[in-house]
Amino acid sequence: MPLNIHIHKVQFYETDLMGIVHHSNYLRFFEEARVAWAVSRGILDYQKPESASHLAVLETRVKHLKPAKFGDDLHVEIQAKIEKIRIIFEYKLFCQAKSADAISECRTVHVALDENLRPIKPPHLLKTILEKEKWIETWLSN
Amino acid sequence: MPLNIHIHKVQFYETDLMGIVHHSNYLRFFEEARVAWAVSRGILDYQKPESASHLAVLETRVKHLKPAKFGDDLHVEIQAKIEKIRIIFEYKLFCQAKSADAISECRTVHVALDENLRPIKPPHLLKTILEKEKWIETWLSN
Amino acid sequence: MPLNIHIHKVQFYETDLMGIVHHSNYLRFFEEARVAWAVSRGILDYQKPESASHLAVLETRVKHLKPAKFGDDLHVEIQAKIEKIRIIFEYKLFCQAKSADAISECRTVHVALDENLRPIKPPHLLKTILEKEKWIETWLSN
Amino acid sequence: MPLNIHIHKVQFYETDLMGIVHHSNYLRFFEEARVAWAVSRGILDYQKPESASHLAVLETRVKHLKPAKFGDDLHVEIQAKIEKIRIIFEYKLFCQAKSADAISECRTVHVALDENLRPIKPPHLLKTILEKEKWIETWLSN
């Protein structure tokens, strides 16, 4: 099952003059969920972020279905898989008080880098964990 | 007693290339605590932010004692008082895993505004609540 | 020709602890270019942002080719077109001191909304302007 | 004379649902000016930020006189001085299209740190430059 993670309540500083969450902040919400996923899997330690520091973001894609607003309580469902050397996450963002449907969907693609910032195979532990993850169905196409 | 509010874990997007939380984000942490305080006192409804929209920030002052880092679990102690038409909040930021002492202290000063953005007396409910608040001692001088 | 717009120098507050620009900020860079494009076309007035306030972001897609760093001088090439009621922008982000190639590419999709936040046809002026824009080639697939 | 530096036009992502610039962003504007000052004095190289990485922020103080809004063209006047081991900057933020008076004033206090994050004397070059700076008058009290 995809992991369901509570993120946080939307704050004033995440809104813009249109009265809704600025779209750039969604990538922050999804990162927050990705970090919580990595901590839950024992891949990342909140006190030792170095361990995560060589996973680069290759691509992000976000679909906006309904706006998030100040005070909304945000949840994220997240699923992960590995495809050759690429690590893929998909996310659904929910505001349960508003709707049973996702208000946003996202896909991010990552790759491990070596010291010279060249793409390499993911570390063994990460690979093993990713191969055990359940990927229900693809939410966003490539 | 000042209210003690858990804020959140520090996220990657709150750090900068020096490896610590960018100093501008502290004002966001303190706002997060101020909003939680206002909700706890029945002054603000997360679903109706309009109610808060005419309280302007006149002044902010932040002292940095120790840096906050990625993954730190932040708590804020907050106290409030009213002085004529000015509303004053003071904050202590804690990362309990690191130290019993505050890692940052802050003071913000606010005023209610009318439709034309002119300073007015605070709304009656806010005034009544502020007069009941306990102000232990002043943490930052004027 | 796509419009080439200078954005700004990368600031400390746009970097994260990995020493590079946090990926969420790229959407801010592209918005900065989109706004400058709209101003250059007479669609948006910097002093009257209301005019832009009913163009919603439906989707964003960003490819990261090389990291942007503190002090980098960023330029954006931007092109726009209209497809039925959807407005599509594509962007290439350049840091000329580093490379002649784009360091990031992006596609954002927008739609005009009515008072009730329902999708409508773009305003006439916007439509007329978009129909005159040159779309060289599609940089990112759907 | 204090240095006068153009910062940038206010962007959508710097506003909040109250329609004005979120107060946390002012510290970003002032940092932008401080960095430009350091570059203009030959202390900092945009391509080598490491040189600046051991100047910590000890304290910030911001007064808000008028709100900044989307599209405003911001200028900052900045002055600097050294007091023992503390480095002090003061700033006035202007939006010339609106008013000849500052819309915000700020004071930030910094200190150089050694490898173990302990306060030390500023590097010689920085000290020499700071001693030559003109400090017109103190804009904000301690």
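Per-chain numbering from 1; labels A, B, C and D assigned in written order.
One rule holds for everything that comes next: a residue touches a chain if its C-beta (ideal position, glycine included) is under 8 Å from a C-beta of that chain, and two chains touch if they have at least 3 such contacts.
Here the structure is a predicted model, which means the values were calculated and not measured.
Undergrad: Could you tell me which chains make contact with chain B and chain C both?
TA: Shared contacts of chain B and chain C: A, D.
Undergrad: Quick check: more C-beta contact pairs at A-D or at A-C?
TA: When A-C is set beside A-D, the one with more contacts is A-C.
Undergrad: How far is the middle of chain C from the middle of chain D, if each middle is the mean of its Cα atoms, in Å?
TA: Using C-alpha averages as centres, the distance is 29 Å.
Undergrad: List the centre-to-centre spacing of chain A and chain C in whole Å, with centres computed as mean CA coordinates.
TA: About 23 Å, centre to centre.
Undergrad: What is the distance, in whole Å, between the centres of chain A and chain D, each centre taken as the mean of its C-alpha atoms?
TA: From the centre of chain A to the centre of chain D is 34 Å.
Undergrad: Can you list every residue of chain A that touches 2 or more other chains, as numbers and ranges?
TA: 12-13, 17-18, 24, 28, 31, 49, 70
Undergrad: Contact residues on chain D for chain C in the complex?
TA: 8-9, 11-13, 28, 31-32, 35, 45-47, 49, 69-72, 97
Undergrad: Of all residues in chain B, which touch chain C in the complex?
TA: Checking each residue of chain B against chain C gives 12-13, 15-20, 22, 24, 70.
Undergrad: With touch defined as at the start, can you tell me which chain C residues reach chain A in the complex?
TA: Answer in residue numbers: 17-18, 23-25, 27-28, 31, 49, 53, 56-64, 67, 117.
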